[in-house]
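Okay, structure first, notes after.
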Amino acid sequence: MAAQLWWIVHKDLVSECRTWRVWPAMLLFGLVVAFVFGVQADLPPDQRPQIAGGLLWLAIFFAGMQAVDHSCAAEREEGCWDGLLLYPISPAAIYLAKLAVNAIALAALECLLIPAFAALADVPLMSHPGAMLLVALLGNVGICAVGTLLSGLVAGVRHGGSLLVLIVLPLVIPVVLAAAEATRLAAEGQLGPEWWRWVHLLAAFAAIFVTAGATLFDFVIRD
Amino acid sequence: MPRTADLLGPSKERPGDNLGTVPIFAQRKWDCPPLGCRIIPDVLTGSLVAAGLLAISLLAPTEKTMGDAQRILYVHVAAAWCGLAGFLIVAASGLLYLLRRDLGWDHWAQAAAEIAWLSCGLTLVTGSLWAHAAWNTWWTWEPRLAATAILWAVSSGYLIVRSGVEDPHRRARAGAVLALVGAADIPLVIMATRWFRGIHPVSPQMEPAMRVALLLSIVAFSAFFGLLLVRRRGQLRLERLLGAMEREADG
Amino acid sequence: MSDRTIAVQASRLTKVFGSRVVLRDVDLEAAEGEIVVLTGANGAGKTTLLRCLASLTRPTSGDVHWFGRPAGAEPAARRLVGMVPHQSCIYPHLTVRENVVFAARMQGLREAGRRADEWIAAAGLRPYAHRLATHLSRGMRRRVALARALVHDPPIVLMDEPFAGLDAEAAAWLVDLLAEFRGRSRVVCLATHDPDRLRSLAGRVFHLQSGRIEPPEPRRVVATGHDPGESLAA
């Protein structure tokens, strides 16, 4: 199964690198949102970390949904979903592969957005890179766990593309909230029990929804 | 193809068991339930609602700080309870559909989702009115109110997604998945907003008469929305039955 | 049918999409070494029947078995089936070789590259092996789809309109391939609008109409190479 997972991830990444259909638009959208938010975050320096985390994660979410939406929608071209389902691989494994592709896309986005936010809002987001890395990893998995499952769901729905953000955002509010708070605390250098509490919430969310997604994906993609 | 008889429910059903459904015809011997059986639930529910309204307006004393505006609370709490219970029914029915592949469960899910959406909307409106009367603000990020807002958004998404799928089984599957994910999410939302606000739950101090009024209000609302749920589920079941009969007639 | 193993069996298959009944109580059996042809007008249910046989679509009622086991019960059992669906199922932004190698890897084949190259050569695609699939004609994509579906040499082969878009040379290659399958006890079930092309090969021809399967046409005795007198006619 691990080999099959890897080959699906490899296939998606090769396709994206050849066509650049989604990532450039996603990165540009994230930068524009970061710029707009950066303008809004013109507060005294001690107050900026309080809102920078929330604005950063909202930007990551809205930009990242473009990649998440595409990951399942692209398989509908030429009937490739049928092709995937014909292979000796479980739907859960397909889900995990798509989740990995989406998490990688969000990671690429964060490599650009976090430094951009740090510069535009003048907030020391990179002061504790290890902590930011952990928060980013868990936040990515949490958002992509729900987004991947529901992108498969709306792929067959009328006007599904525009529905994805509508149905994912309410569900990932705990992730956005927890990631924003953990980011704020990391930027302020407060990596104590409160920071760990938010990280534990992120981890719990990721664990619960990766499990739910792997279990329910079969019902989403198979008639 | 599924026969009409297969859609009519298990043969152990007796007339009047399925309160509120339309009498069955065609391939089964089914006596139309007596008029009394059909209107008893309506009469009971109407009585409870009347009792609840009386309790809210007459039994409950006037709160000394907020005055009569405090009475919104009785509607707000009851609607919130119905919204949460409704969504739990949606999730449970969705799970049962996925396990049994019986569209009957999906009818319960759709009916409950509509009730939950209405209840959550009512909760938000009454909560907003109460907050304005109490704190001169139209909104507060109190964790339960935030969770209700998210529940309303999830219910809205549920109904919109369902409306975009034509095939009944595909629609039922999509709805079930969304409902299960939503139901798993609500405890996390409450936890996150409580930690964010640093709020710990405190039981409000209420006089005995207020508690009685609140309890009656909850029972009345539950009965009303329960009746709506059963009636709506009956409508959906009848729609499916009629569709099956049309298919049989077309051959 | 003699003591041949029943490879594919569908019992009382029914499929309803919304208010449309697409398949009604369909029974079908296909044994090893048999080529079963499905014909019928557009909308008769051929594609849905093949999708149910491939376990791509769950039937509303009835069941499908592969060599006596419930179809698609375990992911590993999917190695028994190779399907060429109506759409090509190839990734437009991968090359021909990458598409077939991907299929071989997903099927768990050890020498995925070598097997893919063999099928690419057999399908006459060697000159196009490093061309992106999006730059291929419809007929070429069909050949790639065939190579992709058959790279793991499955015992059960399902094809939906396999000749669509193929030129004369490719069509002749496919007919030879089907004869090869029959000789090697593979079972083939294919839907086509042109059954005449396969008159010399087909064991039975089923005609679907309005989701129901008509009684099979009796075919002439088909020589199997094992027992010349054996008839595959129902």
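We just call them A, B and C in the order they show up, numbering each chain from 1.
Quick note on the criterion: a contact is a pair of C-beta atoms (placed from the backbone, for glycine too) under 8 Å apart; a residue touches a chain by one contact, two chains touch by 3 or more.
On a predicted model such as this, the values are computed, not experimentally measured, just so you know.
The chains in contact with chain A and with chain B alike are C. Counting C-beta pairs in contact across A-C and across B-C gives the higher total for A-C. Note: centroid distance chain A to chain B, computed from Cα atoms, is 33 Å. Between the Cα centres of chain A and chain C there is a gap of 39 Å.
With centres set at the average Cα position, the gap from chain B to chain C is 49 Å. Residues of chain A in contact with two or more other chains: 223.
The touching residues of chain C, when paired with chain B in their complex, are 14, 16-19, 21, 24, 60-61.
For chain C in complex with chain A, the touching residues are 51, 54, 56-58, 75-79, 81-83, 85-94, 98, 102-103, 105-108, 132, 141, 148-149. On the chain A side of its complex with chain C, the touching residues are 3-4, 7-8, 11, 14-15, 18-19, 77-80, 82-90, 93, 222-223. Listing the residues of chain A that touch chain B in their complex gives 146, 149-150, 153-154, 156-160, 163, 166-167, 169-171, 173-174, 177-178, 181, 197-198, 201, 204-205, 208-209, 212, 216, 219-220, 223. Residues 98, 150, 153-154, 156-158, 160-161, 164-165, 170, 173-174, 176-178, 180-182, 184-185, 188-189, 191-193, 195-196 of chain B touch chain A in their complex.
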